[in-house]
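Per-chain numbering from 1; labels A, B and C assigned in written order.
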Amino acid sequence: MKQISMTAGKIAELVKGTVCGDPERTITGISGIKDAAADQLSFVGNKKYEDQLGTSAAGIVLVCKDLANASTENRTLIVCDNVDVAFAKLSAMYADEPPVYPVGIHPSAVVDPSAKIGKNVSIGANAVVEAGAEIGDGAIIGALCYIGHDAKIGAATLLYPNVTIMFRCTVGAKCIIHPGVVIGADGFGFVPGPQGLIKVPQTGIVTIGDDVEIGANTTIDRARFGKTVIKSNVKIDDQVMVAHNVVVGESSILVAQTGIAGSAELGRGVILGGKAGINGHITIGDGCQVAGTSSVARSLPPGQIVIGTPAESQREFLARVALPKKVQKLDAKIKELEAKLAELAK
Amino acid sequence: MKQISMTAGKIAELVKGTVCGDPERTITGISGIKDAAADQLSFVGNKKYEDQLGTSAAGIVLVCKDLANASTENRTLIVCDNVDVAFAKLSAMYADEPPVYPVGIHPSAVVDPSAKIGKNVSIGANAVVEAGAEIGDGAIIGALCYIGHDAKIGAATLLYPNVTIMFRCTVGAKCIIHPGVVIGADGFGFVPGPQGLIKVPQTGIVTIGDDVEIGANTTIDRARFGKTVIKSNVKIDDQVMVAHNVVVGESSILVAQTGIAGSAELGRGVILGGKAGINGHITIGDGCQVAGTSSVARSLPPGQIVIGTPAESQREFLARVALPKKVQKLDAKIKELEAKLAELAK
Amino acid sequence: MKQISMTAGKIAELVKGTVCGDPERTITGISGIKDAAADQLSFVGNKKYEDQLGTSAAGIVLVCKDLANASTENRTLIVCDNVDVAFAKLSAMYADEPPVYPVGIHPSAVVDPSAKIGKNVSIGANAVVEAGAEIGDGAIIGALCYIGHDAKIGAATLLYPNVTIMFRCTVGAKCIIHPGVVIGADGFGFVPGPQGLIKVPQTGIVTIGDDVEIGANTTIDRARFGKTVIKSNVKIDDQVMVAHNVVVGESSILVAQTGIAGSAELGRGVILGGKAGINGHITIGDGCQVAGTSSVARSLPPGQIVIGTPAESQREFLARVALPKKVQKLDAKIKELEAKLAELAK
């Protein structure tokens, strides 16, 4: 991490925050709240972590408005509207530079002469680019990547090493795709036949919008016909599985190990928690939120927040979780009634 | 997609269906029921999607028998015994040709001189084939694939790019293996020792039958000793995990993100829904079906259909789901009884 | 598998077991209890598999103390303190030798001149090692592996083919990493902004201790800042997802398809069953055990054994599973009470 000396006053200016305590307090680096030293800045973005603030040695701490009145003994606070955004800004300033992927085609890469390579493109060592593929200006194709026949990679998109983009699939501009991702493997379709299962040809493609990020080892399958669609600004975590003919609406967020079955359609701004499952052929409305490890079997209208398997409202889920205690109470009441009744019968 | 002009009559002949409406109605392409235009053919294979039939602009629609009496205004219907099979046939006809992987060893591939390469084999760019490996006639080894020492790949098997087959494992004929698949990594076995966990050597292999398909980023581990077995005609989706010494019976279907723990044995024609989990050392009988996201802890006799965690019958599962309502009713009844009893006591 | 002739007496000496039956009984190989022939050794490590002992043709069987009195008709038993450890020892003796990865840099590998390569290192075909990377003495970097800028791989560590280690991440000594593993992809962090989701820079690294094993296609994300930490002697199975800033304590075991959300901290010797999920920002105490497919939402003190979603004690879980039957009984009791009350009212 870089060492840069800054005062609380200067930092508050940068992140548009308000200083509580000594504005001349100076730090040279940043760190997590537990590990931070007196010459480092850290952050507490939620009142529930207030106790970590008390025990931290950090010299400057970015805090949310709920913590504006916390003690400034031994430290300076900077109160921010959005601590995450503020810290991200500083984190980027103090971060070591990421590696530079040099422009040009590495001599060990195998690029078909018919591929169209844009300006200022970097193609890494031992990468393979097949016939008819198109790589947009400023794109980076990492080492050991595979770009299939007639696939298209948009301008300024970054493919980290070891990404596989299969034939005819398209990736938009300014996307980031992490290692191990597979775009455009066959969808999973078979029909019973007289001599066993018969493969249903998967003749479509995957099409991915702009500003999409896709985490390590995620797989997005090509359509049975037509397109599997990931719209712009969608953010996908690691080990997510998107089946054939799925549509994921703009700015949706799919957390790690989520699975979406074939032909499901997600609206805009949908959030799926880690390990969530979405049934095939259903519709998840705009802005729906599915809690981690939950499974949604039926379509959801916009704005629903659901949890559990099968997914239900949070109120219903909590009632279900509390069921054993409720049943125990009923049991006790019944015993009481039995006793009273026996008494009365006498 | 190809443009091919065909009449309803001609299509009905091809798929052995029955025309309802104008047999001269002509289409030039195919599409999904929502997106299809007047010069395209689509399909509705299930009566529950009947409303999509009503609003579709498709010129010709393949339908199941239940929909034989649907309106033929503005369209021609073709009634089929099996809509999926019929549409798959047409879909294959209209599909763009898949890329051709040229016969021969790409100059950038690294193939050990002791490897036995069959006739008409294609080995892609930057692939690696180790000593003693055998590649059957007509097999395709995609770019960036790794074929380990003494591994065997059967005739006419297709490995898409970036597949890893570890040493001594065997893959049968006419298999299709998608990118990111790992066959033959070590099984997971450790025993506690005085200085920490001690690795149990995983000295067996994985053996895969004929006509097996394996989806992207699936992993199948080598046996502790002996074999992990995937029998012929098994179809495996993306991101499935098969542990050491598992046996998967013929024509079984493992949907995405399924996990099968060590030494479990699945019979013929077993279907595991997406994200299902199977405990180690248990037996799943022929033809069992496990619903998506369900976990099976104990052995199942043949033909069982189970759901939930721990898995139970569908009847039991539905009763469990309905439990909160049932308990509420009991609560109301108890209150009634209490009131009556109080009344009576007076 | 090797053919080595050994008597029961000799084997008992090797594994420090006690012979029951003929000490001159001889085998030439080993096998699973179901498949073993008369000239093979097998094992039964748990009394619940006793019936398999009865029907096995194995000439010699390693058994646990509970089975010391089983019949020795047609076979010799060797009673062992720890059957798993004993069998692992024999399994290693009879195993075919694993492939040898030759010392040196394969001519097709692309190794930056600034990388520091230790003594007796093997770098496989088409591997890529970026600038500033360090490979310790005796390490094996498999074919098609990617070692990012300034990454460090410890001495005697084995990377199987097709592993991706991203920039600046560090792997300790004597680790084993299986194909498809991705270490150091970006953590998943976004904040809502005026024009959509804004990426939170992931500027930290992943650091992995000594004697760690990581299964196929597992992903461990780099920290938002600071480190994601896998301590020494941790064993990770296939398709596990470890998010940014997680800490996994020494000798913990993460079974396949487990997911650990961001900033969670696991103590020493924690065991997570297959498909388990751990919430972000929580602490799992030393020695906790989480059953397969369970989800832990809140911190756990040391030594807890939990199961279910949300996770609870085994006693609570079993009571929850039994709830439908309990409710049915209450229902019957209420009906009885109603009848009695009606009788009384008359």
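Keep this in mind: contacts are C-beta pairs under 8 Å (C-beta built on N, C-alpha and C of every residue); 3 or more make two chains touch, one makes a residue touch a chain.
Since the structure is predicted, the reported quantities are computational estimates derived from the model, not experimental observations.
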| item | value |
| --- | --- |
| Proportion of interface numbers common to chain B and chain C (over half same, under half different) | different |
| Rigid-body rotation angle, chain C and chain A, from Cα fit (steps of 5°) | 120 |
| Centre distance in Å when chain B and chain C are each reduced to the mean of their C-alpha atoms | 25 |
| For chain B, residues that touch 2 or more chains besides their own | 108, 126, 144, 162, 180, 217, 239, 257, 275, 309, 323, 327, 330, 334, 337, 341, 344 |
| Chain C contact footprint on chain A (complex, rising order) | 1, 30-32, 35, 82, 84-85, 88, 91-92, 94-96, 98-99, 106, 108, 124-126, 142-144, 160-162, 176, 178-180, 211, 213, 215-217, 233, 235, 237-239, 250-251, 253, 255-257, 274-275, 292-293, 309, 321, 323-324, 327, 330-331, 334, 337-338, 341, 344-345 |
| Residues on chain C engaged by chain A in the complex (per definition of touch) | 108, 110, 126, 128, 130-131, 144, 146, 148-150, 162, 164, 166-168, 180, 182, 185-186, 188-191, 193, 196-201, 203, 217, 219, 221, 224-226, 239, 241, 243, 245, 257, 259, 261, 275, 277, 279, 295, 309-310, 316, 319-320, 323, 326-327, 330, 333-334, 337, 340-341, 344 |
